[in-house]
Amino acid sequence: MHKPQVLILMGSENDLPMMDEATKVLTEFGIAAERHVASAHRTPEKVRDLVLNAESRGISVIIAGAGFAAHLAGVVAAHTTLPVIGVPLDSSPLKGLDALLATVQMPGGIPVASMAIGKAGAKNAGLFAASIIAVADKAVREKLKQYRKDMAEKIEQQDKNISA
Amino acid sequence: MHKPQVLILMGSENDLPMMDEATKVLTEFGIAAERHVASAHRTPEKVRDLVLNAESRGISVIIAGAGFAAHLAGVVAAHTTLPVIGVPLDSSPLKGLDALLATVQMPGGIPVASMAIGKAGAKNAGLFAASIIAVADKAVREKLKQYRKDMAEKIEQQDKNISA
Amino acid sequence: MHKPQVLILMGSENDLPMMDEATKVLTEFGIAAERHVASAHRTPEKVRDLVLNAESRGISVIIAGAGFAAHLAGVVAAHTTLPVIGVPLDSSPLKGLDALLATVQMPGGIPVASMAIGKAGAKNAGLFAASIIAVADKAVREKLKQYRKDMAEKIEQQDKNISA
Amino acid sequence: MHKPQVLILMGSENDLPMMDEATKVLTEFGIAAERHVASAHRTPEKVRDLVLNAESRGISVIIAGAGFAAHLAGVVAAHTTLPVIGVPLDSSPLKGLDALLATVQMPGGIPVASMAIGKAGAKNAGLFAASIIAVADKAVREKLKQYRKDMAEKIEQQDKNISA
Amino acid sequence: MHKPQVLILMGSENDLPMMDEATKVLTEFGIAAERHVASAHRTPEKVRDLVLNAESRGISVIIAGAGFAAHLAGVVAAHTTLPVIGVPLDSSPLKGLDALLATVQMPGGIPVASMAIGKAGAKNAGLFAASIIAVADKAVREKLKQYRKDMAEKIEQQDKNISA
Amino acid sequence: MHKPQVLILMGSENDLPMMDEATKVLTEFGIAAERHVASAHRTPEKVRDLVLNAESRGISVIIAGAGFAAHLAGVVAAHTTLPVIGVPLDSSPLKGLDALLATVQMPGGIPVASMAIGKAGAKNAGLFAASIIAVADKAVREKLKQYRKDMAEKIEQQDKNISA
Amino acid sequence: MHKPQVLILMGSENDLPMMDEATKVLTEFGIAAERHVASAHRTPEKVRDLVLNAESRGISVIIAGAGFAAHLAGVVAAHTTLPVIGVPLDSSPLKGLDALLATVQMPGGIPVASMAIGKAGAKNAGLFAASIIAVADKAVREKLKQYRKDMAEKIEQQDKNISA
Amino acid sequence: MHKPQVLILMGSENDLPMMDEATKVLTEFGIAAERHVASAHRTPEKVRDLVLNAESRGISVIIAGAGFAAHLAGVVAAHTTLPVIGVPLDSSPLKGLDALLATVQMPGGIPVASMAIGKAGAKNAGLFAASIIAVADKAVREKLKQYRKDMAEKIEQQDKNISA
């Protein structure tokens, strides 16, 4: 098995079905990922430890998914200069608007790359992590291009279904 | 000079005019406060250190003010069981709605007491800190009651001005 | 039985399942709480009476939960200098955004400590009340620290489940 | 001078320029109005007293204007069965969205008639109070109809200006 | 049977279960009401006719409920100087925020009294109509007071249930 | 002078500078337009008359701009089957969000074509009216294509400025 | 079969049930429409090709429906001067508010005519397309008028149902 | 001069002062960037050409800034598998909420990494681009770490200023 290149953090076990959209994409691309439940609020030391030694463990990209006042991605970004991708989850009554603003509205100096709220965002986090790795990895680049082609073909097929 | 009972944190020097609304109130009540610029994102270790030893230094309440994706209060709360009061500041184009949701929508387990956005919220943070201290300090309790009376009298005076 | 230290008010019997998240936490910490249905709009005199004599009855903290244009916490705060914690409930079509703004946006002078919308907020209200009481009560302070440790362990266990 | 039929309450002297849009309209219609600064949070007893004896003093309608978490109209409505008109003011960073939701989203049982945010709302509060009084006062009814005609003529004149 | 004093308009038959909250209240108070389906957009002439002759038919108050870009109340108000009460309904994907803003944000000159979104708002529209009629009708005034007392007693009973 | 093909309505003379963005575009395309101040709320009969005879006067498209609870476009659409373009204006404290929702969220059956809030929307209303007329008018179609080319060239020039 | 005058694009097969509200209306009016699944993001070249040759194929109006950050209508409008109607769909956790703003807030120069969110908007897109075609097609104009009459009669019937 | 590794696109020359926050950061890190004005709506072909040959020209990351219904980043992402960073700009009356949702809410399959609204977001776009390049470029990685240290020192200095 390859050494993990992507670290996937989530604030609670309940976020697993959402966040596994990211894992699925990465697995499809042959990129090893490490998943952890670690909460910015309930286990700040664990988050800090996982992030502080991520680079030395060979991690290239970190994905962090959380709901409510989603601080996880920002807290991760505060402890590393690795690219951090945030996934705002819709687990509160405000349907993820809170998590989105808490993830994307980072002040100047510490960037977080926010994806869309929920499942679509988690999937895109996996794809975006792959695109970062692809900058220096030609094989992943080719797989991304193939993925796009497959996606386009699916749309093409859907189009045939409705115009048939 | 008394030992500080309240620790006031803000994410940037620019937040000082806002956050000094809190300091002013505390000074008025004879409660010593310690002010620090410390950013959840730019100086996470400083925040952590200030908070981890706050209790042992005699701090009873922490006030944290920040704008944008305001994580400061939540990050502080993650490192202490002291009561943490959050003040969302309106320094971003979204006029503080982002800071409000990032401050108040804390997930179950780690509470932050959110005040209103901006100046009014900073002032109320000072008053709320005083009310917490007043639970075990009769002198502060009396001052709070006097403060209310003075405020009511001001309204009474305003009322006379307009009905005169 | 101990004399109640926390007064929990809610606007309607329907709010009970939400607000009992607060009661549960307090019970766990051995803090006696008194629950009342009392509406800022439908029974203003009852609210006023409950609040005006709260301090003399030995109450240290008041928790108030309400939905829609949630005035309860603000009305309570107008009648006391005890710390007041507001819980905005998501019982209206706007999913609690109305209750949140009506609870948190208090004008300068009369603070209300707002928690998150709904269940998470009610639970945190209980914890925050405990943290206020803990300022002068070492036993509660220790229980709060233990609670944090237990919570962290649960996350640690969840982490083991997904990485197993 | 006539006995006042309308009671106009505002939370602060700063609200006077806004709220006088209501007074101006009522004066124009020959309806006597009584203005008071009285805050739901800072002088709750004053609000209560003004409202509890309003009916016996001959008041028919109450107008209440406030900003931030605008509880004034709701608190007034809790103490009277007279028609209460609320004017949400845009004095907070959220531009009156907070005041609007805190005014209009009253739970079932205690109605408040909300007008638009700010100046337009204050003016309409005066007109709506007049329309309530007009139900049993033919003279006011005629004046309202004349007011409408004058307004239509002004639009007609504006139309001529731009098509000239 | 009494001549109807209140005209209740709704944009579609689907709004009936919501709007009948208003009818129920009025019936309880012995105030006769006339219900019509009439759409500001689909049957503008019908709305205009119903409103233009409302006053001469003895109508004192008009209630208008609509969802989406709810223009009904505003269009009604444009054709009459009778008091118009608007009920924004939550029939669109935006959960009534659209209907609320389209109802309440009337420009200066033509007031609409907006109630809360949905069922609570419809009920309150009935109560507010009653309070307008009560200005000149002592019997209705007494019934309103009794209604308040009954409501308070229900809360009192709920309070007993939970503290028992 | 040509007979007007486009009718431009606005709720108030204050809207003229905004709405003239539409007039300017139409003039540039040689499409005659007729401007009127006419308010859905203050002069409903004038709106109705202008719209009911628009088709017979040779009007092909109607543009309606209004702020606050912008009912104008919807009211116009209720009286005609001609294409109606709505321009939500940002004249209220809510910065046009109210006008946008009141314009665009039309219920099924009566369409209004909403443009963006404010100046950009008014300009696009002119362009969209031209594109409707262009469906059957080849000369306008060619002018629209030239307009696009000119716009693209301006961007090209801007690009040269910054890369120079 | 007639040559299609309207091109209906949607971002995914899942949007079909929504978007067929438009097709149904057009069929009812005897206007031939061509449906395609084509995504602004997943098949940009397909969208471009369909749009670039639309005019030469005899298309007069394009309808584009999409959810999330709905770019489809704007991307279509960038490639044609034909009138483009956008339908924001509520397929994301934000209930279509994202799709609405992404569709309607087009910058000056490239108009998109936005309809309401979801089913009502799709139906109105069909009607609005018909009203554009009706500018130069008397038969469609008559059908639109008949449609309005039928709709009014349905409301009339609903009114009879509730007043019976 | 180095070959540009980052392509910075903006929808209009007016966006230059905002977007140059990104350029400044990249220059500071010795990363060559290429700036272009290119609009998704007004010059779609130019955007397409710039993006389609970006990879072959040696571009590793694309930054796209736009206001209103900001489609630029999404349109760019549709044409490349390179990582695309979106900067929502606050140039419309909605203060960038429209641009934020149009940038971040990308459907599953085509990721865009959204930064905060406005200036802070543009600066962070530069930093995030640098962090992507740093994955395979040790020198940039070291500069990023130094940048963080400098930033922390500035905060430390600010802290000294206020506690002095």
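So that you can tell them apart, the chains are marked A, B, C, D, E, F, G and H in the order they are listed, and the count of residues begins at 1 in each.
Keep this in mind: a residue touches a chain if its C-beta (ideal position, glycine included) is under 8 Å from a C-beta of that chain, and two chains touch if they have at least 3 such contacts.
None of these values were measured; they are calculated from a predicted model.
Chains that touch both chain B and chain H are the following: A. A rotation of 180 degrees, rounded to the nearest 5, superposes the Cα atoms of chain E on chain H. By residue number, the contact pairs of B-H overlap by more than half with those of exactly one pair in A-B, A-C or E-F, and this pair is A-C. Chain centres here are Cα averages; for chain A and chain E they lie 49 Å apart. Averaged Cα coordinates give chain D a centre that lies 19 Å from the centre of chain E. Chain D and chain G have Cα centroids lying 43 Å from one another.
Rounded to a whole number, the gap between the C-alpha centres of chain A and chain D is 51 angstrom.
In chain D, the residues that touch at least two other chains are 12, 39, 42, 68-69, 92, 94-95, 97, 104-107, 109-110, 116-117, 120, 148, 151. The list of touching chain pairs reads A-B, A-C, A-G, A-H, B-C, B-D, B-H, C-D, C-E, D-E, D-F, E-F, E-G, F-G, F-H, G-H.
Of all the residues in chain F, the ones that touch chain E in their complex are 11-12, 39-42, 44, 48, 67-69, 71, 74-75, 77-79, 92, 94, 97-99, 101-107, 109-110. Interface residues of chain F facing chain H in the complex, by the touch rule stated above, are 90, 95-97, 116-118, 120, 148, 151-152, 155-156, 158-159, 161-163.
Against chain F, in their complex, chain G makes its touches with residues 21, 60-61, 81-83, 85, 100, 104-117, 119-120, 123-125, 127-128, 131-136, 141, 144-145, 148, 151.
Those residues of chain G that touch chain A in the shared complex are 12-13, 16, 34-39, 42-43, 46, 68-69, 92-95.
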